[in-house]
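Structure first, then comments.
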Amino acid sequence: MNLDVQRKVLRTICPDAKGLISKITNICYKHQLNIVQNSEFVDHHTSQFFMRTELEGRFNDETLMADLNDALPEHSVCELHSTGKQKIVILVTKEAHCLGDLLMKSAYGGLDVEIAAVIGNHDTLKTLVERFDIPFHLVSHDDLTRDEHDRQMIAQINHYQPDFVVLAKYMRILTPNFVQHYPNQVINIHHSFLPAFIGAKPYHQAYTRGVKIIGATAHFVNDNLDEGPIIMQDVIHVDHTYSAEDMMRAGRDVEKNVLSGALFEVLSQRVFVYGNRTVIL
Amino acid sequence: MNLDVQRKVLRTICPDAKGLISKITNICYKHQLNIVQNSEFVDHHTSQFFMRTELEGRFNDETLMADLNDALPEHSVCELHSTGKQKIVILVTKEAHCLGDLLMKSAYGGLDVEIAAVIGNHDTLKTLVERFDIPFHLVSHDDLTRDEHDRQMIAQINHYQPDFVVLAKYMRILTPNFVQHYPNQVINIHHSFLPAFIGAKPYHQAYTRGVKIIGATAHFVNDNLDEGPIIMQDVIHVDHTYSAEDMMRAGRDVEKNVLSGALFEVLSQRVFVYGNRTVIL
Amino acid sequence: MNLDVQRKVLRTICPDAKGLISKITNICYKHQLNIVQNSEFVDHHTSQFFMRTELEGRFNDETLMADLNDALPEHSVCELHSTGKQKIVILVTKEAHCLGDLLMKSAYGGLDVEIAAVIGNHDTLKTLVERFDIPFHLVSHDDLTRDEHDRQMIAQINHYQPDFVVLAKYMRILTPNFVQHYPNQVINIHHSFLPAFIGAKPYHQAYTRGVKIIGATAHFVNDNLDEGPIIMQDVIHVDHTYSAEDMMRAGRDVEKNVLSGALFEVLSQRVFVYGNRTVIL
Amino acid sequence: MNLDVQRKVLRTICPDAKGLISKITNICYKHQLNIVQNSEFVDHHTSQFFMRTELEGRFNDETLMADLNDALPEHSVCELHSTGKQKIVILVTKEAHCLGDLLMKSAYGGLDVEIAAVIGNHDTLKTLVERFDIPFHLVSHDDLTRDEHDRQMIAQINHYQPDFVVLAKYMRILTPNFVQHYPNQVINIHHSFLPAFIGAKPYHQAYTRGVKIIGATAHFVNDNLDEGPIIMQDVIHVDHTYSAEDMMRAGRDVEKNVLSGALFEVLSQRVFVYGNRTVIL
């Protein structure tokens, strides 16, 4: 294989119109790029067109993007992503299970990602992180306003220039300022099947309601608590023998699987956000 | 097998105390009843004891119950149920899938139940019901107050003296008067994973929220809409290609399975209600 | 909407090559056909390209297909399907649950299909079928060789010219002659999670093996028993309290859901067979 | 709470007979032991009775067991287990995911277990194990017969006197000699939904067969490869886009969850083995 041959992902969002697939694939063909995998979706409610095209060949990014922008309708968003390893920063509080799964998968396979750093508002997980030779930073919220704490977090995060920020059971509500810094880049795991049991202590809420299923939801974070675009959800069955604590223990496996699974899709450039929804191609 | 040998289910709920299992099983042993299956549960939060005992032998109901009531603490509830075929009345509106599943299972195996009658507030499903040689009654709500309509429903139901009333997509809210007539005897299927999407049009709510899982919940009906004790829940995965209508179509299979499944447990005398929860033994 | 506007599904299978999507969508665009939904897949092991294109517009079938055949490589298979109601014939023996689900969904929504007839080698299900005003034919295998019986079945089936033949718990092994009559047109439900428990009495095999999950498999029928291309599979959890009979009862819901689900995909022209596999677009 | 008050688990297996529950619970009551949780099961095929009783109080083990042995029929097995932390030794080869999950859960919650040591036939996972401050031993099989290697493994394991030996993707077939050393004490994770795809490379077998579901099975190891008593199984759905490698990646999460889940049940003294089956109480 020639050294110049690369693999990239082209992501297109635009208003639906006749001939879009034809136009885009024509341009790829003209550029002698091979389509390894292609998926598209039209949301007929909003007349929005989504396409993910995995391409292989020798890329001239500039002319390719120019050709695409010429051919596509107004208000189109067209992005070309490299497929190399991406970088994340993980925020944590005290619970280890989601973090541990990400550390394991990053180090031993399952997630093609570089964990640049882990930042905690407590230092409980410092040892675990350092066992994997990854920097841990404590940014305590003691004696800080929420705004000031988030500003310190942002400063620490930006030091690493991550592609995504992953909240692995980070048990603090983020300020709008924080959220706006990382649009569609912050992924959270909520320990319930949203929109059931929004807010704190969802397992206790679930126990009190007497549900027979508990779940977890991975979503992008926006300004409304637990209401961002959902990426992945899963559940397990429980019964009357489960206390709230039992639910919590059993739920941890769901939480970590859902968070890792969602991150896998995001890193594969498969997740498109529009409004409060995701399209996963 | 001697004709006098019968199988019955003994259900006990009482405050927890030392020696309860021993006391109850001693009495069964003394009565020369064989324990075919036994399950018990202690809710340590409320110190409540639950036991379901499937017994085989020659029963003297009166002396058995007297012995048990002597031995058990105050505030105990002890019931002895025959295991023969029980009777239900089904309420419907226009949707056929849950009703159809119950008709099929009652006629061809899967549910050991007699469907005494089906009552609809529309006559859409009359033909389907009559195909299975079961009486259908139309109790239209046209020109009736909700109270008056429910009174007519109660009159029609009581004509059959059912053990349980099953709401197989009966799309009306019941009056407190109706609910009080059948305490822990009315089973409803709600077309969402409660407590998410309470109320009307849950699939449209689910679509709007962009969830990745939809579900169904079978529960006993109490005075608070969609808040009665949950018996069974299940879910299926959906993705961005599902419209609200697609969710509705896919959800129907979950709804009917969950309703049939919950009814199966209830008819097996396995479901105990306490507060807003169920114990299933 | 103009009366001439139609919706059709174009299905393409061909050796993979650069520019295929572009070529096919160009032709659709040239014919002023709107792509409502498009999916494609390349099997990189066998270099096979699959594409399903749902089109809307005024069709000139002849010129469209001619243009496509000109543009596509040798050994391409290109089919244009109408999206109207398709016809099936169902074969049964004695079990009602899969048949009942198909009858219900055909009559009351869930499957856009015409059940032309049901044919049984026993008459157990005659009444059920006739309740839904559908012809039932008994083709008894008494005193017939397997070949002769299958010939009579074929004759009876061909009378209706169905698009697909559905084996809804038809408990006989088909002759190669039968199978060759309906290539990739016969859909079977096997009551196990294939390839576990091939052959007869899978629930008894499952019980004996002490499994904790049971399942069902819908597949196209080919010459090797239970080894045709799999369309859909699902499972449920069981435990030590399940006898083989309990597994059978619980498994029925999985069987019927999987068979209906597989048929839904097949009728939507989404299922492509190649070798012993299916691609579902 | 008085220091002498302890919690223990009483496990009984015996031929079924009238009055067993009554006899056992009477003796517990007589010993002033409180039953915290009780479960029992009768296998009516083999007339075998199983009971798990979680007891709290001041134990006189000797007189309690003597009373029980007096009361129970011949061929009864009655065991009293402490509920303290148990000890395991883990065997590995090169794959990290199951091991990592056990290390995380042992260190950070989820499994109340002491990992005494990890033994590998390769040293690939040495660093990971030592990160968690647990001894790792390499017992290479180079230049050794299978018998000799297993003898060295046994020697190394016995040094730690573990309650259970966990095969966390240990990719070697054990000799009968090894298996006999640890009857019902060796727990394996097999990376398929047994009995499908016994033996090596199950994901490649699954890919070739074109299945739509893949799974994992945790089982006790006996003399027949992959045929020991099954403790837990689970599956995930896959589709035509999954290569064998994709199945392998996705399957890892199922494998680790099923192994951890099975171990949790075993450590809770809930799993009873009889013949080739398990009862989980």
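Going by the order they are written in, the chains are A, B, C and D; count residues from 1 in each one.
The rule we apply is simple: a residue touches a chain if its C-beta (ideal position, glycine included) is under 8 Å from a C-beta of that chain, and two chains touch if they have at least 3 such contacts.
If you're wondering where the values come from, they're calculated on a predicted model, not measured in any experiment.
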- Query: So which one's got more C-beta contacts, C-D or A-D?
  - Reply: C-D
- The chain whose C-alpha centroid lies farthest from that of chain B is chain A
- Query: Which whole number of Å gives the spacing of the CA centres of chain A and chain D?
  - Reply: 36
- Intercentroid distance (Cα basis), chain D paired with chain C, Å: 41
- Multi-chain contact sites of chain B, meaning residues that touch two or more partners: 44
- Task: Name, in rising order, each residue of chain B that touches chain D in their complex.
- Result: 18-19, 21-22, 25-26, 28-29, 32, 34-40, 42, 44
- Query: Which of the residues in chain C come into contact with chain D in the complex?
  - Reply: 41, 43, 45, 193-197, 208-213, 215, 229-235, 239-241, 243, 276-280
- Query: For chain D, which residues are in contact with chain A within the complex?
  - Reply: 96-97, 100-101, 104-105, 107-110, 128, 131-132, 249, 252-253, 257, 260-261
